[in-house]
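Next come two complexes, and both contain subunit A; in the first it sits with subunit B, in the second with subunit C.
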Partner chain A sequence: MYTLTEDERDVLQELMNVAYGNATAVVADMLDAFASLSIPKISIIQTEQLLETFDTLKSTSYFFSTQAFSGEFNGESAFFINKESAENLAKHLELESPEDIDDAILELTNVLTSSLTTKLAEEMDTAVSFSLPSISQIPLAEMHDVVTFKHYSQVIVIDTDLNFKDQQINGKIFILTKDESIQWLKTKLNTILELLI
Partner chain B sequence: MKYLVVDDSKLARLSLIKSLKSHVGESEIFQATNGLEAVATMDKEKVDIVFLDLTMPEMDGYEALPKLLASNPKAKVIVVSADVQKQAQKKVIALGAQIHVQKPINIEKMHDILEII
Partner chain C sequence: MAQNETQHDSRTLDINKKVVENIDNGILVLDDSLKIHHFNRWLELHTNMKEEDVSGKQLDALFTNINTKTLIRKIKTALRLHSPTFYTASTSRYLIPIKVNKLTGTSFEYMQQDVSIIPFNLEQNLVALIITDQTNMANTNALLHSHILKIKELNTELIKERDTIDKKVLFLKLNKERKISDLSQALLEQIYYDKEELLGLDYLHRERYNLDIGLQKKILDALLEKRVFEYEEKTQTAHGEEIIFKSSLVPEYNAYGEYLGTIIFRENITDAKHLAQTQEKVLATSRSAAMGEMLSMIAHQWRQPLSLINTIMATLKIKTQLNKLDTETMYSSFEKIESTTKYLSETIDDFRDYFKPNKLASEFLLSELFDNSIFFLKDEMVQQGIAYEVNIPQDLHIYTYKNELIQSIINIIKNSVDAFYEVESTKKYIKVKVTELDSHLAISIEDNAGGIEQETLKKVFEPYFSTKSNNGTGLGLYMCYAIITEHLKGHIVMQSKNGTTTTLLELPYKLIQGEHS
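What follows is the complex of A and B.
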């Protein structure tokens, strides 16, 4: 089980802040809406603990989309949005059919997670390549059976909402990753800080 | 010339100060980790140039900006933010910032900023 030191957390939080700001601007452009940015709270938790945090989001079902990325730093970035937000997104984009809603969330995820991860990788002086994103709609009761979660031991939780207030669209983003990548990340975060001191 | 670097992140402050020092040498550079501290420093030191982050705890950049200018109307405020949405840029300019620049600030970007203001 990995934990972050105070310095590592500060560096990762700031890198995420920049990457997230960038990604949000792209999505805001796409939706022609304004997102309020909050300070991302960063933590590394065990994948099983992530499932517990879902209970607090309270909805009957969720759209969950993921996009795998590979490189020195690898894993899967995930975007999580509840049914109500998905419906508001559909309304905002004037979509009606379920396929169109799926398609819109998939595109949103694609843009959000790829620009987030690209920027983060760039800041850490590495490169990642992406797989196609995939989407599933999961009832709350089945959350524990999601296969993706079983592949990863650790989750970097970026506890910030994608928050388009006027449209009432909120989502959560997190990065699922493995021990080797966390170790790589910790080394990198320390190098970044050492170069400045 | 007095400078004030306002950011809740140590990384952001250190990297900005490093870029700043490469252009202005050993000037008086103050630091603050949120808007409240920034306004207190401004009241006391009347700094000339402020580098201001937007998302910070206690008091964010939007709230601090008019207070900093009220304390020292001659100060020039450069907003340095991860929020690159056009609306965020418009908002800070309307509040009196000189420019809005995207994080992070490397040496070349700092050069351009100091040229402009």
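What follows is the complex of A and C.
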């Protein structure tokens, strides 16, 4: 089991902030509106805790999308957005059909995953490629049945809020990785740390 | 060196071109205003359009289904992100309308497409769209989706059924360690416990004071051997009331045949037990009533012989007083008295025999039963002028509890005889007829003693019901009913019309031994 030291967490937070700055700009472009992303909160948790975290997401119905990424640093990102936020997003983009809403959520997932991992990979001198994201709408009660989560031992949780001037869209993104990726990440973070000192 | 590089470049270009031409994907190069820059062979073949015809044209003008705003947004995002954006078949279905030419096994008219929008040339704002046929996958997903819906539906039904079972069926579950792992709502309501108070407790340990040692061992053996086992158990409710359950152990297995534990299904038989006890009391009362009946019949039988003795004694007395008693008269009188007292004694023996329940069934002639065994009733019938007609196959045997059957027959015929006291009739009769059927034999006993009203008929087999004004206990026919149905495993019904009453008995030819309770 891996945990991040305070220094490692600081570096990761710094990298994430840069990545998020990038993401914010893209999201703003995409949505053609002034958007801000709250400073992400980063933690590494066990998968069991992840399921508990899902339980604390009080809203009854969540849209849930995932996107796998490959390379030296690999895993899957999971993006959660509640019904109300999804509807706000659709309203903003003037989308009407449910398929279009799903498409917009996938786009947001893709933008967030790409900006985060690409930037992160870039800073850490590696590259990632992305699979197509997929979406499902599942009640939180069934979240425990999502078997794919069980393939991951630890999860980097990046918790952020997207805020728009006129309407709130709240989403949470979780980067799910296996032990070897976290080990790789720790090594990279330490290389960066050594360069800084 | 430079030449090599050029060669390498041109070769790469050649490979790229060949791959783009032959790949099983649509490849389309667009700028951020949706103008077409490249249209590969795959697209030409699938859309029936030539690259030279579409080149430089607006994609959304060629294919009007395309949402211009969304596509431009995706292209701009890809260029801005330096990373691909996507359309997925699951949400967007398709970008370029291509008719599916496979007719079977598909529920889609148009090819379902995944589209990756890849930044291609950042200076010229060019992107490449790579289109992948996902129709098969979409078909599979659609099928899966319909199955999932079906499963959910079934699951809802199952949950509903489980709820109903929980509310209606009394059961508790034991895990492999014989600890209580679940209890149904229905059971909890009967024993007034909260589930939490009982969960995790060792079943046998908890019931150790309620089950005797022998039964505890049998239950443990059944649990260990994963056997079905039935037993009765007395237990206490949380309110301290005693409750009797008929329990059945049923081992529980999962779909893979692994033993999960044992379910104990329970049936509350407390009321039934109490009823059985009440029934026993009624039967005991009816036995004493039968004794009373017997005594009255003995008294009846004795009246005549006793008066005979009395007459002989009086004659002897007078003759003695007149000094006319000769030895011959004296001896013949003594002999008469002796034979009469012997007859009296035999009468008692006969009755006692008939009213003693048989331990074992035996085989006997039915005709004999209706002829000899009810001799005393025959006397009464003669006195009353009742014609007694018996129609029974001579050699018909029955294997049953003889005395119980005699008691019942006596009861029925005695009822008929008694009924004649209430009516004035010239042609009185009691007819007995026995018919041999395939599975059983049928006995009908008919009298013309006025019949019984329909309302009364419904109640004749109930305990303590009687129409006799003075000496009826109301237990005679109830006892008959109990004997015929429970001991002799037969049926009894009574019918009445046009002043006649018929009692019908159905009895097995051979009673299976061991059923006597």
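Criterion: the second predicted complex is superposed on the first by the 195 of 197 C-alpha atoms of A that agree within 3 Å, B and C clash if a C-alpha of one lies under 4 Å from a C-alpha of the other, contacts with A are read in each partner's own complex, and residues count from 1 in each chain.
Assume contacts are C-beta pairs under 8 Å (C-beta built on N, C-alpha and C of every residue); 3 or more make two chains touch, one makes a residue touch a chain.
What you are looking at is a predicted structure, and each value in this text was computed from that prediction instead of being measured.
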Contacts of A:P133 with subunit B and subunit C, given as first, second, both or neither: second
Touching partner for A:E72 - first (subunit B), second (subunit C), both, neither: neither
Subunit B versus subunit C as contact partner of A:S114, first or second or both or neither: second
Partner chain in contact with A:E84 - subunit B first, subunit C second, else both or neither: neither
Touch count on subunit A, higher of subunit B and subunit C: B
First, second, both or neither for A:I39, with subunit B first and subunit C second: first
First (subunit B), second (subunit C), both or neither touched by A:D10: first
Partner chain in contact with A:E99 - subunit B first, subunit C second, else both or neither: second
First, second, both or neither for A:I192, with subunit B first and subunit C second: first
Those residues of subunit A which subunit B touches in one complex and subunit C touches in the other: 25, 29
List of subunit B residues in touch with subunit A within their complex: 8-12, 14-15, 18, 54-57, 81-85, 87-88, 102-104
Residue numbers on subunit A that touch subunit B, as the complex places them: 7, 10-11, 13-15, 17-22, 24-25, 28-29, 34-35, 37-39, 123, 192-193, 196-197
For the subunit C and subunit A complex, residues of the former touching the latter: 67, 70, 73-74, 76-77, 80-88, 90-93, 114, 116
Of all residues in subunit A, those that touch subunit C in their complex: 25-26, 29-30, 99-100, 102-103, 106-107, 110-111, 114-115, 118, 130, 132-135
